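One structure is given here, and the rest of the page talks about it.
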Amino acid sequence: MTHFDSDYLEGCHAKILETLTSTNMRQTVGYGRDEFSEEARAKVLAACGNPDAEVEFMVGGTQTNATILKAILRPYESVVSVESGHINGHEAGAVEGTGHKILTLPSHNGKFDLDELETFISEWRANTNDYEHVTWPAVVYISQPTELGTLYSLDEFRRLRKICDDHQLSLFADGARLGYALASPANDVSLPELAKLCDAFYIGGTKVGALFGEAAVVRRGLIPHFRTVIKQDGALLAKGRLLGVQFSVLFTDNLYQRIAENAIACAEKMRKGLTAKGYELLYDAPTNQVFVALDAKGYDLFSRVTTFTDWGHLANGRRVIRLTTSWATAPEAIDTLIADLG
Amino acid sequence: MTHFDSDYLEGCHAKILETLTSTNMRQTVGYGRDEFSEEARAKVLAACGNPDAEVEFMVGGTQTNATILKAILRPYESVVSVESGHINGHEAGAVEGTGHKILTLPSHNGKFDLDELETFISEWRANTNDYEHVTWPAVVYISQPTELGTLYSLDEFRRLRKICDDHQLSLFADGARLGYALASPANDVSLPELAKLCDAFYIGGTKVGALFGEAAVVRRGLIPHFRTVIKQDGALLAKGRLLGVQFSVLFTDNLYQRIAENAIACAEKMRKGLTAKGYELLYDAPTNQVFVALDAKGYDLFSRVTTFTDWGHLANGRRVIRLTTSWATAPEAIDTLIADLG
Amino acid sequence: MTHFDSDYLEGCHAKILETLTSTNMRQTVGYGRDEFSEEARAKVLAACGNPDAEVEFMVGGTQTNATILKAILRPYESVVSVESGHINGHEAGAVEGTGHKILTLPSHNGKFDLDELETFISEWRANTNDYEHVTWPAVVYISQPTELGTLYSLDEFRRLRKICDDHQLSLFADGARLGYALASPANDVSLPELAKLCDAFYIGGTKVGALFGEAAVVRRGLIPHFRTVIKQDGALLAKGRLLGVQFSVLFTDNLYQRIAENAIACAEKMRKGLTAKGYELLYDAPTNQVFVALDAKGYDLFSRVTTFTDWGHLANGRRVIRLTTSWATAPEAIDTLIADLG
Amino acid sequence: MTHFDSDYLEGCHAKILETLTSTNMRQTVGYGRDEFSEEARAKVLAACGNPDAEVEFMVGGTQTNATILKAILRPYESVVSVESGHINGHEAGAVEGTGHKILTLPSHNGKFDLDELETFISEWRANTNDYEHVTWPAVVYISQPTELGTLYSLDEFRRLRKICDDHQLSLFADGARLGYALASPANDVSLPELAKLCDAFYIGGTKVGALFGEAAVVRRGLIPHFRTVIKQDGALLAKGRLLGVQFSVLFTDNLYQRIAENAIACAEKMRKGLTAKGYELLYDAPTNQVFVALDAKGYDLFSRVTTFTDWGHLANGRRVIRLTTSWATAPEAIDTLIADLG
């Protein structure tokens, strides 16, 4: 049985393990100042088309989100997210653990309604009465793709940028699954465009072919002493070479996006197969996550043929499940799944 | 040229990479609930001779120290360390970053003078005048071996335990280099004894044969919701299997201690070679770190033949350097080093 | 012109200033161990009918909320509040500043819908899948009266207690305006009943006759080293006698509730006067806050005759204002206000 | 019996209570935007000769220290203090509670040795090896007078300023007892000079004639959104008028310094009386604290005739006690004390 619970069920792309093995006994300095890390930084910057940003590698997504936000925010500042944002719902209070409030707006298929966001920030800024009784929103947090697998368009990114510029906020994009955005035919935001429009973002490796690792890309000057904050948060890997090797491999010959394309193709194949069988898909998500609304009988059937993530209930009593493909999914596994559903 | 800066200059023991490779495409659940992690837990507990402790794996030492201390300490509580303790000097304020004060006592070759510690705690507890104006020491932090490569003896461990029992503190041992303690002929504290005498400790993998990883062993009941704190601190690895595989390999056929013995043998060989050449060694450290006092000429010579860590100055103007061996050091590299010193 | 912005516009009840003056040059020990504080503690406990609780005095409401929650909560724990809760909206992120997430539920006239609360907690406890990815709700925060001047009934308090008992949470009541609850004819929760049903609460002085000060009443054993946490939070007043004198005066001959009755009578008089003039009141709030829905013309009129607090907009474009009476309001000022409204 | 434990044993200067009483029923806005606070700000700035600084009032010293340091410091930054500094020893870990490390240097009669400080900072800044493993010292914390009643001279203040300028640190002076420095004949640092040389400092009211209150004076631009941080820390008094009235009274006709002169005169009288009787005084402290070294018999005698603060033991077994005078001390009480010592 193939599992579709998430996109971290396997290890990593074979090329990474090969390179880790072939370089294993080379001695390098620690903490990300080694030659592999420097090479990976250069490749990431080249892919971003932004030679002046700062690149630091961390191990996981929650760690990267919390460290970057802690590093940007002053004590009186807060971050704005949709309610369904990963930092708000699935990081065990990591952001609040660093002392900062998350202000939430409703999720519209995982995204902000940008008019709502604009109004929210404008009214907040205008409310000078409450000035000292409320936090100061200083960062807008989004993810690309979102928790629901949806995408912000380039137009929406530009609008986000404008809102942030108009009200002096930083724009931070969680890219834990960024590869699956870049590889989606529905996506019109290239990596260089995203890099230009965000103050900070990260390129997720853990879910896109690496054993682990996220490449944080930060506008130079935004975060002074970034490496010290990373160390303080326990996020500075001693053998930084491991992150360097992985991102160096992923950003050679566009491997990062190429392996993500497999996930998109598999997800699309799954969507077609499920739709053909009459299943209702939710959220219009064009990346590697597939959300299915199921009645009790359907839920039972899926439970027999694979594993997945429970994603809550609909008002009408039906349940939602999430199936996830990845760089590692075999297309045949989709055929089998569809066939097993009878 | 072989480098002796630290014990994290290479990757990992070959057996680990082999197992990571052979298990790479197996699908497992995430966050350390996979079968590799469960197997590793069982092996670690067996090695500790304490089937009732809780074992969780984290990625690095600073992370493990800060997460465990944050999890144990209440807001009004502090941790007692020698001034040279790693948490006090080399973790970028990680413990204070979680809100807790470190109370320091002088370092005696990296260790507490246990009479000083006993007096310190007794007087603190007796000083009810200042009750609400000072923090409450609640954890004694040590490392085995210490920052200076020295060891607490079993008698000293028992005395530490008694001090903690008498004054209701927890005893926490940082074992980032624990393998090099266990492998030292000078050591008389076995892993089961250490496990029995400490409330919490960790077995360091990063410096002893793993790519990364530390196995935290905690008295059951000491830390409620430990895994949630780990997640909140960004320390819960998505592909927990990577930690499981590594510790499972290290704790099969006593590999962890066996590879550490190489480091000890190399360090001993280095100490003999240097002593024979008239160099002065410091701290009487019987583990994998070698501290040498050098005049300007000696420092210059060492700088030409290898790399090392600067360890400060002596009162007489001489400098101290640290050379470190590891599981990966080739004995021949020691011969070369000694020969190169002329 | 009499102002109705809030209930902290004047100084304090005359009796307090008299006693501060008559005791001014007596020497006492500091930090709340003086005889005035001990006397006040005894009087507060007597009024609570609970001789075994712990009473500590702090200076203000935000301070008291944040200190108590920080003291109760472990790092992985969160507090549940309605969205309109004071800790969520008007304390500049103080609770998050101590590292803890606030989980919010919709406000129903300032209160929880207790079925919603029960469901929320039950489902959270049942969701063991997400166990380590989410915080652990450990405290239910309410205020009595609420931000909207409404009251929990005794039946509702008992239900809150049961929900907390069933799911092992603490119940914490913010009583910044508690006097105005106790003095309301609509209230059926006596101070001893509230004291019995809550794990922690505080009796607000700042808004009910004192210059400043809140009396925190905490179940003995709930918060170890409470005074140290108070000191750490900068909330331990050097001249604790000032808090002792004030609460001793307020809890002599039931002064606290008696002066609050004036606020209730004035608010009731205001509500009658406004209703008679055809104004629409909101929230059915039976305490010292009066919420009025106004069209542009009405808003303009109110702005000419008094000052108040803006309380947002209604969907239909009308505005909401809040008028507040207090222990210090002269009944004649209400007559004048109503008359001035023409 | 007159007590000499500390300088907060009495209430406040009579003029303050009179003004609080005469203004008691005036309605003002809250949170320090009232006319009394604005008047007090203007008077404090005039006394400082620095019309461009920012003045905010807080309630107590620990609160003011922690709030200012939290507001200035970024996560990776630390504060440098002498070991005997109040923030290091008597604030229950408040600074660490906000996430920041205190780096300590030896105390020389309560003060830095400025050569030691210069060397410490220079070497720290030069040690780029450890860059990301250690915090970044960003504030120098001193108090004037110090914990031991000693004073920094104007020359020393200028040197402190230069050290801070050379290495880009802020200079912060804790002035909990500043009045007693200003009133000492041994002092050569006027308030305008101190205001010019520090980035931030506060003028202590609690120990110098007020019921409570500290006036923080901060270089404009140093702390953005200062009032929000104050609110977040529970340090923004609702009835800010109370602080306004007190500092307005204290800074009218130089009352603040004039009442402090009484404490100095009484302390000087005490020092002369004790010296005449052969007692050994310590620390050469020219302000309102008197430190006496006592053998067992002397300690016993003092214990019978007054109360004081225990200040530890000397190497030779003798004890140190501290006697404190204040604005409220009657000169006759000193005569009585000396007479009672026989």
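Which chain is which? They are A, B, C and D, in the order written, and residues in each are numbered from 1.
Here is the rule we use: a contact is a pair of C-beta atoms (placed from the backbone, for glycine too) under 8 Å apart; a residue touches a chain by one contact, two chains touch by 3 or more.
Nothing here was measured: the structure is a model prediction, and the numbers come from that model.
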For this session: Determine the shortest chain-contact distance, in steps, between chain A and chain C.
Result: 1
Exercise. Which chain is most remote from chain D in terms of Cα centres?
Worked result: A
Problem set entry | Chain pair with the higher count of C-beta pairs in contact (A-D, C-D) | C-D
Exercise. Quick one: chain C and chain D, Cα centre-to-centre, how many Å?
Worked result: 34
For this session: Express in whole angstrom the distance between the two chain centres, defined as the mean CA positions of chain B and chain D.
Result: 41
Exercise. Which integer distance in Å separates the CA centroid of chain A from that of chain D?
Worked result: 49
Seminar exercise, completed: Contacts with two or more other chains occur in chain B at residues 75-76, 91-93, 97-99, 132-135, 228-229, 231-232, 236
Exercise. What does chain B use to touch chain A in their complex?
Worked result: 2-3, 5-6, 8-12, 14, 17, 20-21, 23-30, 59-64, 66-67, 91-94, 97, 206-207, 211-212, 228-229, 231-239, 241-242, 328
Seminar exercise, completed: Listed in rising order, chain D residues that touch chain A in their complex are 31, 70-71, 74-76, 98-99, 131-136, 224-225, 227-232, 236
For this session: Under the touch definition given earlier, write down the residues of chain A that touch chain C in their complex.
Result: 75-76, 78, 89-93, 96-102, 129-130, 132-135, 310
